[in-house]
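Here come two complexes built around subunit A, the first alongside subunit B, the second alongside subunit C.
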Partner chain A sequence: MSRIRKDYETSFFRKFKRWMDGETDLLDGVMDLSGQEGTEEPVPGAEGTLWKEDEAGAEEVLREKRAETEKERKSLALFERIYRIMAVILCLAIIWVFLWTTVHLPPFGGADNPANNEVPARYIESGVRETGAINFVTGMILDYRAFDTFGESCVLFVASCCVMFLLRMDKGSSRLLREHPDLLEDDRLFEPKDDVILQRAAAFLLPLILIFGIYIVLNGHLSPGGGFSGGAVLGSGLILYLEAFGFRRTRRFFTEKTYRRITLSALTFYCLAKSYSFYTGANHLESGIPLGTPGAILSSGLILPLNICVGLVVMCTMYAFYTLFRRGGM
Partner chain B sequence: MKVFEILLLLSLIVCAVSVAVVRDLLTSIIIFMSYSLIMCVIWVLLQSPDLAITEAAVGAGVTSILFFVTLKKIRAIRKEEQDEQD
Partner chain C sequence: MSFVQNFPFFSIIAAMFSGIVSSALSGKKARNLSIFVIILTTLMSAAVLMFCARTGESYTYMMGHFPAPWGNEIRAGVLEGLTALVFGVVMLWAVTGGIRYTEWDVEPTKQNLFYIMIDLMLSSLLALIYTNDLFTAYVFVEINTIAGCGLIMMRQTGRSLTAAIRYMVMSSLGSGLFLIGLSLLYDVTGQLLMTPAREAVAALRETGSYELPLLVIVAVISVGLAIKSGLYPFHYWIPDTYGHATPAASAVLSGLVSKGYIFLLIKFFYRVMEWENVIYSHIVNVLFLFGVAGMIMGSLQALLMKDTRKMIAYSSVAQIGYIYMGIGLGTQAGMVAAVFHIFTHAATKALLFISSAGLYNASGGKTDYRSLRGAGYRNLLAGIGFTAGAMSMVGFPMLAGFISKLLFATAALKSPHKMLITLIALAVSTVLNAAYFLRFVISLYRPPQSGTDGENGAFPDGAGQEKAPRAVNSLNLRLAVVCLVILNLVLGLFSQPIVRAIETGLAMFD
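Up next, the complex of A and B:
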């Protein structure tokens, strides 16, 4: 009898029921709570026969902590219980909705799918002729829908501006640093410590990563990739360089001034090159630049310079994110 | 190929569940990273290499690095380093 009872106490269902009743947290002792002190609740012992005493102890602690009347505690427990039941029901409902939608999706690559209308037909039939880009995903993104991509680059720029507002440490915060020198000490603690393995590996990998990123950006209209992915690769390369060799080295070629100049000139060029489509009703295929032979690296009109612009903006944004997160400046 | 796809999708589900369940924050970030890598292979199988490159660079690379830096900042990693030294 006692063994069955013990099995039941340690079973998943019993834990779930206790969690449902608001007695214990299902993830208690499972989640990493090291950052939050003072939230530890007494964990029920693994010994099944002790659970009633534990419950009494927990109630006592609760009573002391909250110093509330019995009635309030009961209503609170009821609320907790309803809250948890509603949470489970909501989760199941969302899962059901997602599964229902997935089941009713059209088959992958089917000919009668609603996505196969006149728009992709036009792109596929005359995309190469009209944009000059062999990879007509890029042709779509940077020619037919270049204005959308301009919005996306601006979103990245605004995001890095917001991170800068929130995390930047400038002259105003030097007073803060004087009052709390441990902040600076912390950062120095986290600085890379001239790790030889990392530096050797970075010295070997970095040229490959950077050349691959430049290749993706420049070949965006010929092969898979383009400004965004290439810029992300370049940004990762810069981050690796910073992590291996420290801020002293990167600051020789990439400061905040560089970041500002590159981002602003790239966005301005993009804006000047494409914003006239705002006035022509998003119909902007004629750029005046000859399209060249499809397949050559210098072809497809404005797509190559626009790709470079997007790549530069993305690279700077990724690098700025990292440095701002790291220590609030470049 | 079908078996490989099913394997990938299954491991995707396993990764997605274990990110939420796993105890350690650092481990869950690494699992999140592997989720992105599996997703990258699936994009290649779905014939969209553009998305695959972006997923590998942004999902597995930059996002995880930002998560790591944040963990360092809130001192979630530092404690474990001390534990290892002990």
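Up next, the complex of A and C:
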């Protein structure tokens, strides 16, 4: 028969066994046991009658604990201070490195900078002929580097999906709603809206804003603008309408279903159209999409429809963000 | 041009398109579509790999009608095909193995959003693998980051939300540094595509101009991508992130997402900066030191964890350290070992997360050591899967981990200055790995403690299981565990052709 040694409790093997069994509390003695403001609190029961005999001992233990936590707090405060100083030094060092690098960079706007090479030269010289867009920037982002732009619109898409996941309240299934039913009381309770000044102003401004937005989107290939900026203007117009006239009237023409349909069809069209163009381009086939006369509204091949798609996606994303960050869904 | 050469483009677009379409589908249909697309892209990656191995050379693919410095471009070679293939297989089993848990963890009306994230994550991983354009890489890094946040917060508990915020902050810092590096590079070279940028950098080196900016570019991009992949001093987001997400998301995040960034970094080193110059700039030595520190510290912290999920997460920190140590060796052999370890860790970590989900499930959803005692009997297959994964991580012969340790050790012998440190770090880290993983495995096969804590003492049909959802092992989970074990065995037993493929793939990068 094996015999348990007297010092088994303190032996290495006992400790190892406790560790294997997951019994050791690794945070024992490290954690502040008495809570944040706990040093002033007396131990519960320390003044009770049952503890009369142990009171002195308990007091002693308490005092020791207090001294320990006090020491730990002091060292923690010291750590915090050193941490802050180090963080500031580190930030200054990084700033210094970047400034020093900037000194060594080519001067801003220099004519013989490395960035002024054959790449922008071709964009400027033959951009109009090759893409049909008078606005080089649009030609660049929607034709030369259209894959990146498709990625960017997918960034918007995935961001709005995340926000929807986080903030959309689905009746019956949402865990948050089950725990806090009061969240259902959303901003619709403050309707109907009757802010006459806002409504009059909105009625005057809205057509202008929307038409201007549509103009920016449609003229993306002719003048500064395009899907991203025009979509932002359209989205802000929708938000203004919502603020002035309330959810009930907005829902007549824009619900979550509309949102989903618009986003889906715009992105699908973008994806299919660009896939076609990538495929034909890579396989050296003629795409067969006419470029039209540069300067006309119906020109530059796929750029105009793609601008419209991007504009719709941006508009929907902006509106969705606004409604989801308020109380109550879209 | 052969039709197969279109496949990299098809696979990226198919993944993105399925994500877009899923927004209009029900959860179940979105799931089936997502699995279908993963299988499709995996098959296409295999075809690309076969094609490149047969022709013996890589090729670039124009995205549109305009050639290299003007339009976007992707590139495929043996290493790209192989990585996409392994990632596809791991992704497939991570997602299918976690289906049941996803159904429990994600609200029913939002299931399709989960699969949108999975689809877009797949597309961004494929794009990071195939891209030949640094700005495209940045755009897909963004998609990757946001989709990663989405995957983390899917459970919508307080802890997973804080984990997602922490991930977002650290990851945005990494993206920001990457973008700064990219703009600096554009400023001094005027190129964004990898091939012309490489020529421009070579020309700059010859004339000796812009030396400091080039050094800062390498440093900033390395640090940015290291933060995003969780290298040791920047690893604080890892334990929460992997520990509190739903199992499928944990497996995808730790197995694949961090590896995508490492692959991009390797591609940046080889395809833009030229490997010899990177070695010469001593940046690799810094990565080497961080990697070694990560190997030791990650293992030590894993040793201290009581929550086994966090233990597996900290073990990821150590494994990322291994990969960076291999890169930091600064030799071809070290790089081969690092790439092989990317595959090993992807296959093994996914296996560990999926099978441990099965074990928690059999133990009433508890995750600490004591509650998991005897879980290996309660859920036999998950226990076997976890044991195999742990053995592989420790470096048991026949499994993938053994081969990568062997490769690291042989690579270390070839670089005299770092040999001793590497070998010591490998030895220490292996012992520590064994300590925490085998401890877990042993406690899986010990009788549960009775009397210590009521329901923990439950054996097969006891009270502890009542809390556990009914279907302990769905068919999907079984299939996933078996297939991931097989993948580990394949990597371990047939390593020679894979190592040779990695070598040819790296040679194609030049």
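Basically, the second predicted complex is superposed on the first by the 218 of 330 C-alpha atoms of A that agree within 3 Å, B and C clash if a C-alpha of one lies under 4 Å from a C-alpha of the other, contacts with A are read in each partner's own complex, and residues count from 1 in each chain.
As a convention for this text, a contact is a pair of C-beta atoms (placed from the backbone, for glycine too) under 8 Å apart; a residue touches a chain by one contact, two chains touch by 3 or more.
From a predicted model like this one, the values you see are computed outputs, not experimental measurements.
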Please indicate which partner A:His104 is in contact with in the superposed arrangement: first for subunit B, second for subunit C, both, or neither.
second
Thinking of the overlay built on chain A, is A:Leu166 touched by subunit B (first), by subunit C (second), by both, or by neither?
second
Classify the contacts of A:Leu267 with the two partner chains as first (subunit B alone), second (subunit C alone), both, or neither.
second
Which superposed partner A:Thr258 touches (first subunit B, second subunit C, both, neither)
neither
For A:Gln199, is the partner it touches subunit B (first), subunit C (second), both, or none of the two (neither)?
neither
Report for A:Glu118: first if it touches subunit B alone, second if subunit C alone, otherwise both or neither.
second
Once the shared chain is lined up, is A:Phe321 touching subunit B (first), subunit C (second), both, or neither of them?
first
Please determine whether it is subunit B or subunit C that touches the greater number of subunit A residues.
C
Report, in rising order, the residues of subunit A that make contact with subunit B in one complex and with subunit C in the other.
none
Can you check the complex and tell me which residues of subunit A touch subunit B?
30-32, 34-35, 108, 135, 137-138, 189-190, 216, 224-226, 228-229, 232-233, 235-236, 239, 318, 321-322, 325-326
Subunit A partner contacts - residues on subunit C that touch it in the complex:
1, 6, 9, 13, 16-17, 19-21, 23-24, 61-66, 69-72, 107-110, 113, 116-117, 120, 123, 127, 133, 135-136, 139-140, 142-143, 146-147, 149-150, 153-154, 156, 180, 184, 186-191, 200, 210, 212-213, 216, 304, 306, 368-370, 439, 442-443, 449
Per the touch rule above, subunit A residues touching subunit C in the complex are 19-23, 26, 97-98, 100-101, 104-106, 113-119, 122-123, 130, 143-148, 150-152, 154-155, 157-159, 161-162, 164-166, 168, 170, 173-176, 260-261, 263-264, 267-268, 271, 275, 277-284, 287
Could you list, by residue number, the parts of subunit B that touch subunit A in their complex?
21, 23-25, 46, 49-50, 52-54, 57-58, 61-62, 65-66, 69-70, 72-76, 78-79
